[in-house]
Structure formats: structure tokens, C-alpha cells
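One chain, subunit A, links the two complexes that follow: it is found with subunit B in the first and with subunit C in the second.
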Partner chain A sequence: MTGPEGVRAEETGATANSPAVSAAPPPADEQGRVEAAAAATGTRGLSRFRLGELRNLGLIGVLVVLVVVGALTRPAEFLTYDNVVVILTLASVIGVITVGMTFVIIGGGIDLSVGAIVALATVWATTKATQVYGTGGVIFCALAVGVGCGLVNGLIIAYGRIVAFIVTIAMLASARGLAINISGGHTQTLNSDNQALVNLGYKDHFLFGRIPPLVIIFAVVVALGWVVLNRTTYGRRTFAIGGNPEASRLAGLNVRLHTLLLYAVSGLCCGIASIMLIIMTSSGTSANGNLYELDAIAAVIIGGTLLSGGRGTLIGSVLGVLVFTTINDIFTLNNLTTATQQIAKGVIIVIAVLFQRLLAERRAGSGAS
Partner chain B sequence: MPEPQLLVMRGIVKEFPGVRALDGVDLEVREGEVHCLLGQNGAGKSTLVKVLSGAHRPDSGDILWRGAETAEPTGPTAALRLGIATIYQELDLVDGLSVAMNIFLGHEQATLGFTRRGEMNRAARALLVRLGHGEISPSTEVGRLSAAARQIVSMARALSYDARLLVMDEPSAALAHDEVKNLFRVIRQLTAAGVAVIYISHRLDEIREIGDRVTVLKDGRTVAVGLPARTTPTDTLVAHMTGRRYEYVFPPRPEADAYENAPEVLRVEDLALPGVFSGLSFSVRAGEIVGLAGLVGAGRSEILETVYGARRPSAGRVILDGRPVRTGSVVAAVRAGMGLAPEERKSQGLLMLDTVAGNVSVASLRRYSRLGWLDRRREIADAEREVGGLDIRPRDPRRPVRTLSGGNQQKALLARWLLKDCRLLLLDEPTRGVDVGARAELYALIRRLADSGVGILLVSSEIPEVLGLADRVLVIRKGRALRDCAATELDEHQVLDLVMEGSDL
Partner chain C sequence: MTSSQARDVRRRGFLLSGTLAGAGALAAACTSNAEPEAKAPAAATAGGANDKPGKKVTVGFAGPQADHGWLNAINEQAKKEAGRYSDVDLKITEGSNDAAQQASQIQTLINQKVDVLVILPADGKQMTPTARKAMDAGIPVINLDRVFDTAQAYRIWIGGDNYRMGLNAGNYIGQRLGGKGTVVELAGIDTLPLTQERSKGFDDALKNYPQIKKVGRAAAEFNVQTGQARMAELLQAHPKFDALWNHDDDQGVGALQAIRQAGRTDFFMVGGAGAKSAMDSIKKDDSVLKATVLYPPTMAASAIRVARLLGQSKIMSDLAEQELPSSITLFSAVVTKQNVDTYLPFAFE
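Our next item is the complex of A and B:
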């Protein structure tokens, strides 16, 4: 297999370099061609985009398998419009958080406090005092609490130089504590002044009568996130800083400020997710967002993002969320307990990551030959 | 009658891609002697140490250990089992473990996997007492020890393998003056017990004090064997070390007075970094290449990093193009027009996960952004232009940077700062890990950059490189500039004399 490929690569390498080759003196010519040939064999088709795409193909395959399993085990229920709406709606809330988490992890960090921030934001936004200001007040409050918590995280991590793991675990504890404190542990329901928000959860407000607003919010956040990550300087710097913080610093990037902003983005996503939860449940409670951090991190990792930072795709994370939500749905439809679901989740995370490792090693192996 | 030969190496050859690091080294070490290894950076000392410690296997040559031809160290463990222990410059101890655990790391005394703590502590204490350092407690965490004490622990570890030969690579580099005395006392005790020591140092006064015989390496070859350490004149030693052959040529430099009227790009006034250097003043003119020469540990890299804002000075000013730059801030330095190609190319310079284009544009992203939106077409086009201009091969800027050779990676770093239109380039060991063929090309490139009006401040451990490439040279020893003169006024011999003599400052 390596023989013909090697020859072909050498040809392309030589043609691509022909102007340089003819201009350079003979020894340089030789060296340039050898190098080009050696590098071209493995890596020409292996740009970041292509690699991400292939990895995502694997996840899409998993998703297809899951759909088949769902359709076979529950033919009457799984492939119905109602069930698809359920899956997508559930995926939307955790999905928005996963977008923020993808930024943080590619940037070389971790945010364990997302679930607690969601709890605090939903509680704060649904107190009687906040609801007085109407729908706009509720929305603003949820976003402000999210961004505020993210900024606190980021400030302590970037400028206080404490590792993200510790800082966000501390935020996890205190934000949820504060949420319990504010709500007194009670569920706070939206009053009639904020019926507009509640209505968004009902079918007659679906776009074209078919698409739930929550799913649209999710889609918009993913689209924006993708553009920011792949088409802006902010996204490029996120990859740089996550891949090599020291080199980034010595290249003149403001690593601390950027790190601060990464956690603010994660907080913002938590704020948006909180609003979505409030719409879904027309209430806020300190029990919201429990273990969301695990779901989000798991989705990011099986989506192919390096936990050490510097490499990853947003689309992979989104597929990861869809995989998990679909599994949950199939299990629920088949009347399996949440305990079984969690066991399965753990197994799937390990298998997915092992599979990716194998795939990556095989590609690296064939590239080297 | 001389002591019996402990180790004999004959015609050792070790080749790496593009470099012949060892090209026929001979070495003879007798039992109970301190044998000093002398040679400039790149002469092959470190490679030889790695062959001895089993980290590298020689391509050819014979190693006789205690008269037995078969005994080639095939790996680190094998070397230790033979009785060859190496103490590296960066001590390889585990900070979080106790002294005793470190000493017996890898050969713990254990029953069914349970360490016999009491026994190990007793054995460790015995070794430490033997080294004259009974005051170091075996149960102390190694991370809390001083550099000198850590070195003692390393030596105790070597002894725990019943080492007959101890290889010490610049052991005094991390030590204060009185700690060096202590080290020498320990070495004398060991040699009195028949242990041989290979001692590598650049400090001639140390070699004279502790050494018995000296072997000099140059260009991966032994040029002098078994010179008496105390009586051989400095002149003779330096003469053996100098005159290395270089297969590459340096680009011609402009006339000596070419820069007299050129504006100063960089002016450093009374810069100080506590414990490293103080009262440092110098300048770099537009189009001029200024080289910093000195030994490893003399503070050269620290000077570069302080000018660049990566370290915060305690005093002094850095002035670029007539305007003071806020010290201690890389962001300010880069904005003012500085660029650094750091010593550790891979860990400090490159984004190894990224493409060549991504590495070239990372410092200039602002230029390609409109309201944060990245103009990728222009980014790639500009990267392509730089790749072509510096003749980075292969020519495709979309290629992952990790697939490039060392020389081309270094060029990608230079391209980063060219794209940024920087005024002053700081180059820290620009040809480290670059094979001989690519060096001449880099030299020509650096000269071309200078000719375009960029000021260049260069650090290199290889004295001929500094002398050959730079217009002006600052000789640095222990954080002080001893000489500041035109490169043509100095030769290798003089510089070596300046940096090696009188470490008794």
C-alpha cells in the first residue's frame, strides 16, 4: 500500500515545488525535493480540517447505529416527531453549555462550575424581585449571573494564577450554595407577567409550527460559536494558547486576558442555557444543572477535542451531545433505569476515546511510512 | 606504577541525521582518578556522556570495561548495573519523594511490592554518612533540599548501585562557591575509595583543583589525551579546544564603520535582574548584528528575555527606536517592535499543533482581522510570501509545522517576526539542532535581515558562530559585560580565555 502512494506523493511534491527547484542550486534542489517527498507522503491530505471531518464521520456513524437501535427496539415511538423534538430539546440545553466548554478546553482549561452556575442563574432570574422587571429583566439577570460567574472564574485563574480545576470546583460549591441560599431550596415558578417566556415552550409557538424555539437558540449558538472559533482572531488565539501557552506568550499574545475571556464565554453560555431551562420548566431551582459539567466535558472529549488543549472541533462536541441525548432517550423508552444509563454512559466514553486513539495511531502510522 | 585502567573507549563514532556527533573518540579512565573532559559546546561531550550512561548506543568503536570487551552499556539500567552512574546537569530526582525513596528509586528494597521503609532509610543514611553528609535526613522530601544537597542525594543514588565510575556533567553549575568546596571533598573521598570520576566543567580553576588528567574533545574527536590537569598551561588547553573546523561559511560583513551613522534601534541602560546580572548597558544599531558570547549560565538568555519583557528587571530602561518600552511585558515589547526566536524552539517558540501559516501569522493576527473576523485568504497569501522569501521548504504554508526540519522550523519563527515588521530580532541559539547544511543558509538569512535595517541581538554557545556572524560582540561572564568591541578585534582564543578564566569573581 505504501509503494504506489509514496510514488504519487513524490510526484505531487515535485510538481508543487518545481519553480523553487529550478531556481535553487543543485544541492538545495536535492534537499528540497527529498523533504517535500518525505513530508508529502503522510500529511498532504491530513490537514486539521480533514482530520476533524473524519473523526466526526465516526461519530455520525455511532449516531446512525443508535438511531437504528432505537428504531428497532421501539419502532412505534422512537422515530416519531414528538420523540425527535424531545431529543433535540434536551440536547439544546446541554449543547449550549458544551459550546462554551469546547472553547475553554481548546484554550487549555476546564470549567467544572457550569452546572452550578446554571442553578444560580435560574434561581436568581426567577426571584420575585427579578420577575418584577418582566421578561427582559429575567433574561438579562440570567445572562449577567452567567457572565459574572465566568469572569470571577477567569480573573482568579488568569490573574490569581490558580489552576482552573481548583477555581471552578470552588465556584461549583459556592454557586450552588448561593442558589440554595437565595431560593431557600424551593422551586420558584414564573408568574403570569412572564407568560411570554413560558409560552415559548408550547407547541403553538414552534417556528413553522414544527421547530421548538429552544432548538433554534441552540442552532444559533452553535453557528455563532463555530464562526468565532474558526473564522476570527479570537478563535485562532484560543487554539494557539491552548496548544502552547508559553510560545503564545512569547509571540506577544495577551494570554491572561484571553484566558479570562474564555471563562466569560463559558459563563455566557451557562446564562443562555439557564434561560432555556426556565422556558422549559417555567421555573428556577437550585437543583438545576446537576452534573451538567460531566455531560458537557464528556461530549467535548468524545467529540475529539484534546483535553490538554490546542486541538478540537465544535461540530464534534455537538455530535457528542446528540449521541448522549439519543442514548438517554433510547434507554428511557426501553424503561431502563437512570442507573443503567449512567453505567452505559461511562462505558461509551471509554470506548469512544479508545476508538479515536486507535484511529489516530493508525493514521499516524501510515503517515510515517 | 599507574592504577589499572577502569574504562577504555576506542574510536567511538555516533552519528545523528546530518551530524557526526562523535567521530572517533578515545578515552582512558583509571581507577580512583578524576578525569576531566574539556571541549567547547558542540565538541561532543554530552553525546559521549550519553553513550557512557547507555542513553545512546555508539555506531562503532570499542568500550572496554575493567578489561572486558563485552561490556557495552546497552541501556540506562545496564550501565548502572555495570557500575557506571551519571549525574546530569538537571538533576533527575523526584521532588515529591523522600531522600531514601529517591536513592533507591528503581531498585527499591521491597517484599512482595511493599517497600521496606526502615531498611531503606538505614541504608540511605549509611550512604549519606559515607559521603560526609549525615545531616541530610533520609525521610526529608527532596523538593525541600538545596541544590547542593540534591547533588549529594544524586551521588548517594549512584553509590547505591555500587558505582565504580561516576560521570558528572557540569556539577558545579548550580552550586555556590563554598558548596563547590564541599563537592570536591566528597569527590576526594570517593576517589580515595577507588571510584573514578569523569568531571565535565568549563571552569579551568576547578579542573586544576580537582582533576588528575584531562582529555580534550574537538569536533567529536579526541585531540589530547591524559594531559596532567595541574601543570598543563592554560594556553595549551585552550589551543587544543580552539580552531574547530566549520564546513559552513559566514556571509561577508559590511565595513566596520558602516553603522556609525545608523540610528540606534535598541538601547539598554543599567538593566538589572537580581542574582543574574546588573548594571548592563549596551546598544544595537539598525542593520547591526550584536552577539552575546559567554558560557552556559553566564546570563545570556536571561538578558535576552529581560529585554523582551519575559522577565521583570529590578532596575534599568529598555529603549526601542528612541522610545522607552514598558519592562516586564512581552505584549509591550512586541507592540514596540521586538521579536524573539527562543532557545527552546519547540516548547517556547512554535505552535506544534498548528500549520506553518498559523505559526507565521500568530503575532500579526490583528492585521488580518476586521472586527475580529479573520481574513484567511490574505493570511495564507502573506504566509506564502514569507515562506517563499525565506525559502522555507516545503513551500506549502498549510503544512503542519512539526513535519518541517529544524532549520526550516527556525525559518518559520523568523518569518513570524518578519511579517510583523519588527525592528529588533532577538535570536537565542538560532542554529541549535539545525544540521550543518542548513546553517550556512540561516547565517546568510540573518545577515540579509540585518541588511534590511533590522537590529539583531544574537546569543550562541558556539563562540566561532558569534565571532563569525556578529558585527560587534559582548563577552559576558557571570552577568557582567567584560568586553564590548568589534567582532574582528577578538578571536576564539581570547574569548575563551575571557569567559573561562577567573571564575573566582
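Our next item is the complex of A and C:
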């Protein structure tokens, strides 16, 4: 985790010791050129793309194995429309959070506060005072709390120059504390005026009668995330800053502002996930989002994103989420205990990563010969 | 940084902080949970002649962090009950799930020389030495629910009966099914002894009905979100069954939501603990939830009463004993539509 933090220290050192560096920002065209170069070197251009593809292939392999196991052990229940809906719906909440987490980790940071932010946002959005403003008020409140917490994280990390690990752990503690404080430990349910939100979870509100709105939100967030990460300057800068923040800064990128925005994106994703959780459970509680940070980080990592930043794919993260949700589903279908589930999860994380490494190495080997 | 850049950043910073402050002011108005018309909760049953004010008693209360509806109700019941007596002075510590922190809080109460200590430990085993210290210092300890390792660490134990909770749930389901059918169980956190006891009681009760088969079981985490997730999966695993026992009404909010989302009505559900939302639902009879098995948080109110009696050297006038009993085990009643009105005033939110 030596992403922006480590470099930010160098950055301050540079500013203090050699004023020449900070006094002369490169001209605009130079900035663009170096930025592109940094992006290319930081991510090794085409080979990165292929590597990403391969990592995804490994995960798809794991997913296929899981589906076969599920279909063999519970043939009557696993491959049904209803069960696929359950898996996708359960994947959608943690999936949206994982999209935000992927941005932060590729950008060289870490966000340990996502679970706590979700708890706070669901609680704040379901207080009686918020519910007075109707469905719109609930949605706005969840998004505002999510983005607000993300901005606080980002401001302290980028401008307060404190390590992301510490800042987001502090947010983890205080956001959950505030959630318990506001809710008083109660589970707050949506009142009858806001049933429109709850109805979105019911079958008669599915799109074309088949597709749950939650899964659509998930798909839209993933699609938007993919476009932003792979087809915009913002996305390319995220790779550049995560790969080499010092080079990015010398190239004239506003590393601090970009870092701030990364945590705001993660906060926004938490806000969206909170609304989805409220739809799913018709309630908000300070116990929500427990250990989401670990689930999201695990999904991002088995998805092939480097924990040190600069490299990764969004599709890999989404596949990671699907793998975990499918494992849960198969275990519950087969009446296996939570303890066995945890053991299997750990084993599968290791197998998936080993599998990816093997594929990547074979590819590298065949490329060299 | 050039001056124009600096100005730019400053302006942006100003705009940003302005927006944040505005959003904050708007949002701060939304954290209230106060009911427009605050109903006074019905007072607990009167205490008879023992209720007359007597010697002043200082009661120290240490509980775990109230991050769950039931635990929250424990704290509220204790405070409310202490408020009823002019001769009880309640010193309540901020709840903590950390054994070391709770130990230091109890030590503080011992140092303040309270007359009686009421302790609901985060973990009974870990808190035993601390409770013994209080007993050795001459302060009688009332152990609430999660039992200490040795009887030397408490004067009186008051708590629920997890085994009988499962037993009562199982027997109610068995009778309602007419001794025949399939059952699914949604348990709480599996590593906790209380979950294991509830499940054991449930299984033992089902043994009375050889034609009832438990076909599925999953463990949620006592919260809404895992209740919804595990229930959604259980419903897929079992396209048809006759009854469901859910250990905890807090996770039951999520479980009920999953059942509504799946559009299932082929079974009935029995809850656990006795949350207000569950009892409201039972009263209205608007869902598959037909009953809930109590695990009464009023035990905290009882503990305050017993602490007061202990401090004033009084006895329970309805018993023939000349001393207060050393253990009081509460009964886990089954709340149904027929008797819900009796229990609704004591339900927790």
C-alpha cells in the first residue's frame, strides 16, 4: 500500500527541497504528452490489456466450475430463473460497492470504510425525519451521505496527507458509531408512504416481468464504471496515478484532486448500494454492511487488480463478486454450515489467484518462445 | 503552484465547502427519529407492598454495546425501571463489546462503591474475574443473561432460556402442523452458544413429531441484511415446505422481505425474541409470520427490581423463602394473534 501515500511524502519533500520543480508546471501540450506516456508505461499498453483478459478467463473458469458443481448437486433448484435472480440480486449490492473500490485500488488507494458508510447511509435515509420527504428524500439522503463521507475521506487523504488506510479506518469507526447513535440500535423500517421503494423488490415490478430493477442498477453502474475507467481521460489518469503518482504529478496531473474524486466515487457507490439495500430489506440498521470492505477488496483482488494500484480491470472485479455470491448460494442450497463456507471461500480465493498466475505465466512463456 | 492556480483551488475549495456545509445543514435535520406523538409506554406490572420507598440504593449497570434491537431494549428497560423508583440511583456505563473496556467500566463502578451491580457481560467467561472482584469487595452482583463461569461471581442470575425457546418454537410448529410436514430453520450466528442451544431445543422438540422433517437450515448474523440474503437462498433451495422458524426478529425483518419478494405463501413462519415489528405483523395477520417466541428484554427491568430488593434487604413476598433466590430463569412464551395484546406493550423496537 505504498500508492499515493508514499509518493505524496516524496512530493512534499520535493516541494520543500527544490522549489524549481514546483515553480514551473509544464505547458499544457507537454502535460498531455507525458500523461499519455505515463499511462502507456504504467500499464504496459497492449500487454496489460491481454493480461487483464487472461485473468478474467481464469475467473470465468472458476465460475463455470462453480455452476457445474451447483447444477450437479442441486439439479432441480440451481439453474432455475428464480435462483439466478437471487444470485444476481444478492451480487448487485456488494457489486456496486466493488465498482467504487476498483477505482480506488487502481488509483493506488484503499477504502476500508465502505461497510460503515453503507450502515450510516441506510440509517440516515430511513429515519422518520427523512422519510417525511418521501421516496425522493430517502434516495437523496442516501446518496448525499455516501458522497459526503467519500469527500471527507478524500479531502483528508489528498489534502491532509494522511495514509488512506488510517483515514478510512477512522471513517469506518466513526461512521458506524454515528449510525448506532442515530438509530439508537433500532432497525428502522420504511413507512407505508415509502412502499414504492420496497415494491421495486417485488416480482410484479420487474422490468418486462423478468428483470429485477436492482440488477439493472448494478448493470448500469458497471457499464458506466467501465466506460469511465477505459474510455475517458479520468480513467486513464486513474491508472497513471495508481501506477506512478510521482511521474503523474511531474507530468502536470492534479494528483490530489484526482485522489479526492476517487474516494468521492467510492462514496457515491456506497450511497447507491445503500438505496439498493433499503429496497431489498425495507429497512436501515447500523448492523448493515458488516465486513463489506473485506468482501469488496477480496473481489477486486481475485479480479486481478493489483493491490498496489496502476493495474486492474472492472470486469474482473464483477466476476469476483459473482464467484463469491455463487459460492454462498451453492452452500446454502446444499445445507452446508457457515464454517464450511468460510473455509471454502478461503481455499477458492487462493485457487483462483494461483490459476490466474499459471495462465499468465504460460502466456508469457509462449510469448517469449 | 502559481498564484492563478492557487486562486483557482481556493475558489473551488470555497465552493466545495459551501456545498458541503449546505448539504450538512439539510441532512442534519434528517437524523431525528422522534415520533410526532410520543406515547408513554405502558408501565410494567406493579410490585405490591415492596414498591414503597425505602433505603436509597445505588445500582451500577454495565451492558454490552447496544448494536441490536434486543440489547438496546435491555438498556432502555433498565433505565425506565430505575426511573420508577425514587429510592434507586442508577449509574449506567456506556455499553462495550470489548472485554477489556467493560472490565475497566465495572472496576470504575466498584470504585464508586455502588450498592449492587447488574452486569450483562459481552462475554460471560471473560468477565468472570472482574465480577468476582466486585463480590469480594462486598458488592453483590446480579448477572444478566450471559452467565459467568462460576457461581462465586454472582449473587443472583437472571436470564432467558435459549434451549426452551427452541423447544417452545418446535412444539408450537409441531402442534400447528398436526404432527406432519417439512420445516426449515433460519438460525442466528452459529458460533454463539445461544444459537446452538436454540437449535438443540428446536431439534429436541421436533423429535416428538416423527413425521415432521427438518429439510433446511441456514445461519444469518442477527441483522436484516443477512436475514434477507440467507432466506432468499433458502427459499430457492426449498421450493415447498410447511413451516419456518427464524431465531431472531431483527433478522426476521429481512427474512420476511425475502419471502415477500419471492411471493411465497406456502408455509407459516415463527419468529424469535419478540420485536415490535414482528408483533404488529402477527396482530395484523398480514404475512406468513404467525407467531414469535419471546426472549424477554424485561429481564433488565426485573434485574433493577431485584437489585433494589437486595440493596434494601427485602425478599420476594410471593415466595415463602427468607432470601432472594439465586437464579431466575425466564419463560419463553409463544406470542400468537390470540395473546399478542398482552405482550405488545413490552415488545422492543
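Heads up, the rule we're going with is that the second predicted complex is superposed on the first by the 311 of 369 C-alpha atoms of A that agree within 3 Å, B and C clash if a C-alpha of one lies under 4 Å from a C-alpha of the other, contacts with A are read in each partner's own complex, and residues count from 1 in each chain.
Throughout what follows, contacts are C-beta pairs under 8 Å (C-beta built on N, C-alpha and C of every residue); 3 or more make two chains touch, one makes a residue touch a chain.
Just so you know, these numbers come straight off a predicted model, no measurement behind them.
When the shared chain is aligned, subunit C comes close enough to touch A:Glu77, but subunit B does not.
Of the two partner chains, subunit C is the only one touched by A:Gly201; subunit B is not. In the superposed three-chain model, the partner touching more residues of subunit A is C, compared with the other of subunit B and subunit C. Of the two partner chains placed by superposition, only subunit B is touched by A:Leu250; subunit C is not.
Of the two partner chains, neither subunit B nor subunit C is touched by A:Thr259. After overlaying the two complexes on the shared chain, residue contacts for A:Tyr234 are found with subunit B alone; subunit C is out of touch.
In the superposition on chain A, A:Ser317 makes contact with neither subunit B nor subunit C.
Within the complex formed with subunit A, the residues of subunit B that make contact are 308, 310, 330-331, 333-335, 340, 342, 347-355, 358, 362-363, 365-366, 368-369, 372-374, 376, 388, 391, 393-396, 398-400, 403-405, 408, 416, 437, 441.
For subunit A in complex with subunit C, the residues that touch the partner chain are 22, 25, 74, 76-77, 80, 82-83, 86, 89-90, 124, 127-130, 133, 137, 141, 144-145, 148, 151, 180, 182-189, 198, 201-203, 277, 280-283, 285-290, 328-329, 332-335, 337-339. Of all residues in subunit A, those touching subunit B in their complex are 13, 16-17, 20, 24, 27-28, 31-32, 35-36, 39-40, 42-43, 46-48, 228, 231-237, 239-240, 243-244, 246-254, 310-311.
Considering their complex, residues 1-2, 5, 16, 20, 23-24, 26-27, 29-35, 65-69, 71-72, 190-191, 216-219, 221-230, 232-237, 239, 250, 253-254, 257, 260-263, 275, 277, 349 of subunit C touch subunit A.
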